[in-house]
Amino acid sequence: MSRHEMGEKTLLIIPPVILIATLGCLEFITRMEILPSLFFPPPTVVVSTLYRMTTEGALLEHLAATVTRLLTGFVLGGIPGMILGMMMGWSLPVRRIFDPFIAALHPVPKISSLPIIMIIFGIGFVSRTIVVAVASFFPMLINTMAGVRQIHPIYFDVAQNCGASRLQVLRRVVLPGATPFILAGVRLGLNVSLSISLAVELLLADKGIGTLIWMAWQTLRIEELYATIVTAAAVGISIRLFVQFLLSRFVPWDSKTRT
Amino acid sequence: MSRHEMGEKTLLIIPPVILIATLGCLEFITRMEILPSLFFPPPTVVVSTLYRMTTEGALLEHLAATVTRLLTGFVLGGIPGMILGMMMGWSLPVRRIFDPFIAALHPVPKISSLPIIMIIFGIGFVSRTIVVAVASFFPMLINTMAGVRQIHPIYFDVAQNCGASRLQVLRRVVLPGATPFILAGVRLGLNVSLSISLAVELLLADKGIGTLIWMAWQTLRIEELYATIVTAAAVGISIRLFVQFLLSRFVPWDSKTRT
Amino acid sequence: MSFECRNLAVTYKTQSGGLEALTDVSFTVSKNEFVCLLGPSGCGKSTILKIVAGLLDPTAGEVIFQTQGTNGKPLNAMVFQEHGVFPWMNVLENVAFGLEMRGVGRQERNEISHKFIERVGLAHFEQSYPHELSVGMRQRVSIARAFVNDPEILLMDEPFGSLDAMTKLVMMEELLRIWSAEKKQVLYVTHDIEEAILLGDRVLVMTGRPGRIREDIRIPLPRPRDLRDRDKAEIIEIKEHIWTILEEEVRSSLEGSQ
Amino acid sequence: MSFECRNLAVTYKTQSGGLEALTDVSFTVSKNEFVCLLGPSGCGKSTILKIVAGLLDPTAGEVIFQTQGTNGKPLNAMVFQEHGVFPWMNVLENVAFGLEMRGVGRQERNEISHKFIERVGLAHFEQSYPHELSVGMRQRVSIARAFVNDPEILLMDEPFGSLDAMTKLVMMEELLRIWSAEKKQVLYVTHDIEEAILLGDRVLVMTGRPGRIREDIRIPLPRPRDLRDRDKAEIIEIKEHIWTILEEEVRSSLEGSQ
Amino acid sequence: GETPERTKLKVVESPYISWAVIHIAKENGCFEDLGLDIEFVVMRGTRESLPALAQGRLDVVPGFITPGYLNLMYRGADIRFVADKGHMEREGCAYRAFLAKRELVESGRLDNFENLRGLRIAGERTSTSYYSTSCLLAKGNLTPDDVVWIDLPTAAKQAALDAGAVDIVNASEPWITRIVQSGAGVVWLPAREVVPDFQHSFIMFGPSLLEEDRDAGMRFMVGYLRGVRIYNEGKTDRNVLAISRGTGLDQDLVRDACWPPIRETGEYDTESLLKYQAWATDEGLIDGVVPVEGFWDPSFIEHANRVLSEGN
């Protein structure tokens, strides 16, 4: 693969260079009013807005609220998703029984069902967290299931031959064997949960990045909208770094890991 | 795995049995007003509403509109996602360059950015389809990438040794080797695209399941809401059957495929 | 203890109906016996081992075990033909896996494993992951794992196939040492006729697919045997005999395929 | 044509720094030569083959090819020690893969592939997928693939290791037939000393890790050779010589590990 | 007399101009001496608040008309409108209006309602937007089928009008002021001219205040009407500030925008709602017409007005 190992350094520099070039172009285009500046503020304005929102406004507080919601939801939805996914990937009967229900529940619109959920679970924290949790449940489940199914059968044979109990197989074969896909699920799940967190905040919360997005639209301060989107993007980058860290930690055999 | 092969027949019967039992319970609970029937109509009412909406209303027409939107969006987003995912999984430089941008763009809230997209791409079909496309782009990309990375390096060596061109490696090694995860991505992508289609219709369209959901909320005819959710669930089941068909067709070596 | 295979038959499900891999396979492995299994490629040797290990249900027939108290030892341990070394565990963890499953504490299992890792010549590689090993090294990991498991029955599917002649010899000596010291039963699949004769009390020679036991040859060599001394008249005689059978079976299956 | 390895050295990156796998490996394979590579497990044989195949860049040194017009033949074809049979293709597709890559039409490549599939005894399994095959059968798929590719240089990494003695013999005869008819160069890794002597014009014996070429032994047997006639005095003599080297190298590396 | 025991109330708060009274009452402490601990629950849509109100999880929803309320009442839910929170007067500024490009208005094409045929009209898909539009079209003997109806998120209307992608937009404040100030369009027709007196906003109680603790409802209403009085002082600095805080809008924009009129007594125009219901029934949006006593409970404002007039 690494025929002519392109300078590692060069590779790391390219994305920032592209980014800066793009921003430069945008700055030019918007300053020239080629795009309407009402809806497309120059990047420098967005950056200074970001700075203002951080220092004067409570951007970081909002960010903290969103991240808390996101992580709580992800833990509450992703981990059950992973566990059920392991069972479903591992055992044909479990898969046969659960998969139709999973398939049917997956597309139930989460945000639209929120009011119904609020009747059952109240108007507070629980309902808001449930939709976020449900959102990451599915990618975790489906990826874990696919990940377990691709584990070579010989590893199950070896484990059984070594006298592993079902729990041990789960912990020492199913889980590590599916890790690369569980981690892809983590990445997808965290992002979906983030989207749903924002949507929930847009509707209901008085804190969070989603609230800021709503506010930006309502007041038509488009530069604030972009500033919040940049914040969301930063969360996205953190998610990637986190998943990458997990990969390098738990997938030692993927020599191509050091991305 | 199939130690004491549980009767295949038995397994197929279990889900419907569970479903019917659950519906029976719900019927009882709602008829007894243990749950308020105003918001939790008995399943039989939902079924008859479904029947009424199909015969009198234009449920099937709405369904067709949603499915068209969903498939168009998925094709426009999922296929590029798959192709870029194959490149990123395969080549470290490509991954290094694109991954930060993918990570940053992933969490940009799709529905909240719709007005901006409409300013750029106009208020019609294009804008509405772009958000649906973007939604399935990410799961396809991330799953394909993870899928390609788990392909054993020896297959790349064999292909290279057999004189495969880059395109041939892509078609004969990267693509089939990643298929199980691409299909998990298809399942996730179709479901996400469905959600976003519904959300777009909820906001904008005059046809589609999302419109029906909007209407049901607007008039608080909750039985219609449930009927549309059931319709969405049916789409979910179809997605699963479709992916299952693809699996049995394209992953012959997964002997555990016959789910 | 001993075990007996009775009329085993296996038909694999395939797209094109079924593939008859084994038919009417019966044999007994008595207490402390070392039995070798020889046969043309694809005749069902691995299939037999998987059935004895309880990893595959035969389509017909059964395996009967006569055990008397297991002393906490696992019933059997298998060296898989494809190694089956976990890529997510380093060499030490791979070798200690069986002990870990039996709940042996970390310190103790590392000590035991360490000893066997040394014997297979991988002491410098305890912390390495399988993708950093050569094929032969991975095979040795899987051998060490089976030895560490210390089972009553050792099932070995071409355990030394990827090792150079000398390393193979050392491993075989170790195997014989363990076997004679602890009096296990060994069912040993090999492709090397000489190896089978040198190691086994009996050699079972199989037919081509669908596999049956064609001949059950008792090896009259005394123990302990010198694994380097391959030119004894008895050995050569048996070798020739087996060779003839094999030739017949392979020729017919190769021709049948044309 | 011929090729020459000059001062190859490979150091693999590992967690704990680097692992020196090869050091200063130099040898030449001349026109039409059949060269065998022998050495202790883990000494770097597969690494050498991968370098010659152009799949791995050496840390130092280079491989120099002297070619004269390729006639559309690929430069080299490798039989991988781990087979590398694509699970998503059936046997026919796997064997025809190289031809497909070279743009040979379906009909023609199926005809050619079919011929070789028959020769390796898998005619009944053309439509089967690898997971339905035994290990030895998978190895034969990978052999057929290399033969079909019809390269100038054949690189074979223990190509017959998972085959029974008789099938192996048939395959070896086929290999010699192809080699002598088409005058390829062969670089052949094996663990079996006798096999190396019977097949090769030269046998390169390697040291333990880090691997070097310790001895380059010319085999003075005339061609064509009878692969069954293993008891000639020359053979036994060379065999003993190699055995001694191997014993030394393995002992030292096994002891070094303890 | 005696100090009433303190009661917890959950009141929905939304950052819109039509919630102005709530913002003002909150800022001015109108509820403070009433023994009420008010928790303002942020909800930005009716969808989320309605089921919760009907279940008693929320106590007070200041709302904006949708057919859903009426259907719930029709089906027997225990919710009632209890006070005015904004309606359309025949005179005054335009809180909701139809806007068009200046050229289109000046061309005279819009002078005759029949000329609306074939034009592209953008609005939100709320029934109020749709209601006023279909009443508009009815004036030219047209139906919504005779024009091109385009759903747009409010934020995209301005750009769409500017770009000429639509001809007429139906908008409310503060978007009207924004569009006019940006020059993208001008007010062509205030909605009050097609749906005069339309009672679009209200305070609504659920079972908790209608049944279980009417007294708390009475007290809440006192505070609310106090707020209305302050609101009706007009665009005073403190009102502008309160609304600006509650909505996040710039003070200038709040000052420039039209504030919907609210009756000081909280009196509700039941007549206009019956008219609306007739239309909604025709449209199939509601199951049937809810009679006045089914949707309107005047006892709270009656009590509050008594208390307030005694106080003054």
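Per-chain residue numbering starts at 1, and chain names A, B, C, D and E are given in the order in which the chains are listed.
Convention: contacts are C-beta pairs under 8 Å (C-beta built on N, C-alpha and C of every residue); 3 or more make two chains touch, one makes a residue touch a chain.
Everything quoted here is computed from the prediction, not taken from an experiment.
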- Item | Set of chains adjacent to subunit B and to subunit E | A
- Task: Return the chain whose centre of C-alpha atoms lies at maximal distance from the corresponding centre of subunit C.
- Result: E
- Taking all residue numbers used at the subunit C/subunit D interface, answer same if over half belong to both copies and different if under half do. same
- Rounded to the nearest Å, the gap separating the Cα centres of subunit C and subunit E is 83
- subunit A and subunit B: spacing of chain centres that average the CA atoms, whole Å: 17
- Starting from the mean Cα coordinates of subunit C and subunit D, work out the distance between those two points in Å. 26
- Query: For subunit A and subunit E, what's the span in angstrom between their mean Cα positions?
  - Reply: 38
- Check: subunit B positions touching at least 2 other chains come out as 2, 36, 39, 115, 119, 217, 252
- Considering subunit D alone, which of its residues make contact with at least two other chains? 15, 82
- Note on the structure: Multi-partner residues in subunit E (2 or more other chains touched) are 47, 50-51, 55, 155, 159
- Over in the complex, which subunit B residues touch subunit A? Could you list them? 1-2, 6, 11-12, 14-15, 18-19, 36, 39, 91-93, 95-97, 99-113, 115-116, 119, 138-139, 142-143, 145-146, 149-150, 153, 156, 180-181, 183-184, 187-188, 191-192, 194-195, 198-199, 202, 210, 213, 217, 222, 225, 229, 232-237, 239-240, 254, 256, 259
- Query: Which of the residues in subunit B come into contact with subunit E in the complex?
  - Reply: 36, 38-39, 114-115, 118-119, 122-123, 203-206, 214, 217-221
- In the complex with subunit C, residue positions of subunit A that touch it: 154-155, 157-165, 168, 172-173, 176-177, 179, 250-253, 255
- Contact set on subunit E toward subunit A in their complex: 10, 15, 41-45, 47-48, 50-52, 55, 57-58, 155, 159, 162, 178, 182, 247-250
- Query: For subunit D, which residues count as touching subunit B in their complex?
  - Reply: 50, 53-55, 74, 76-78, 80, 82, 84, 86-90, 97-98, 100-102, 129-131, 145, 149
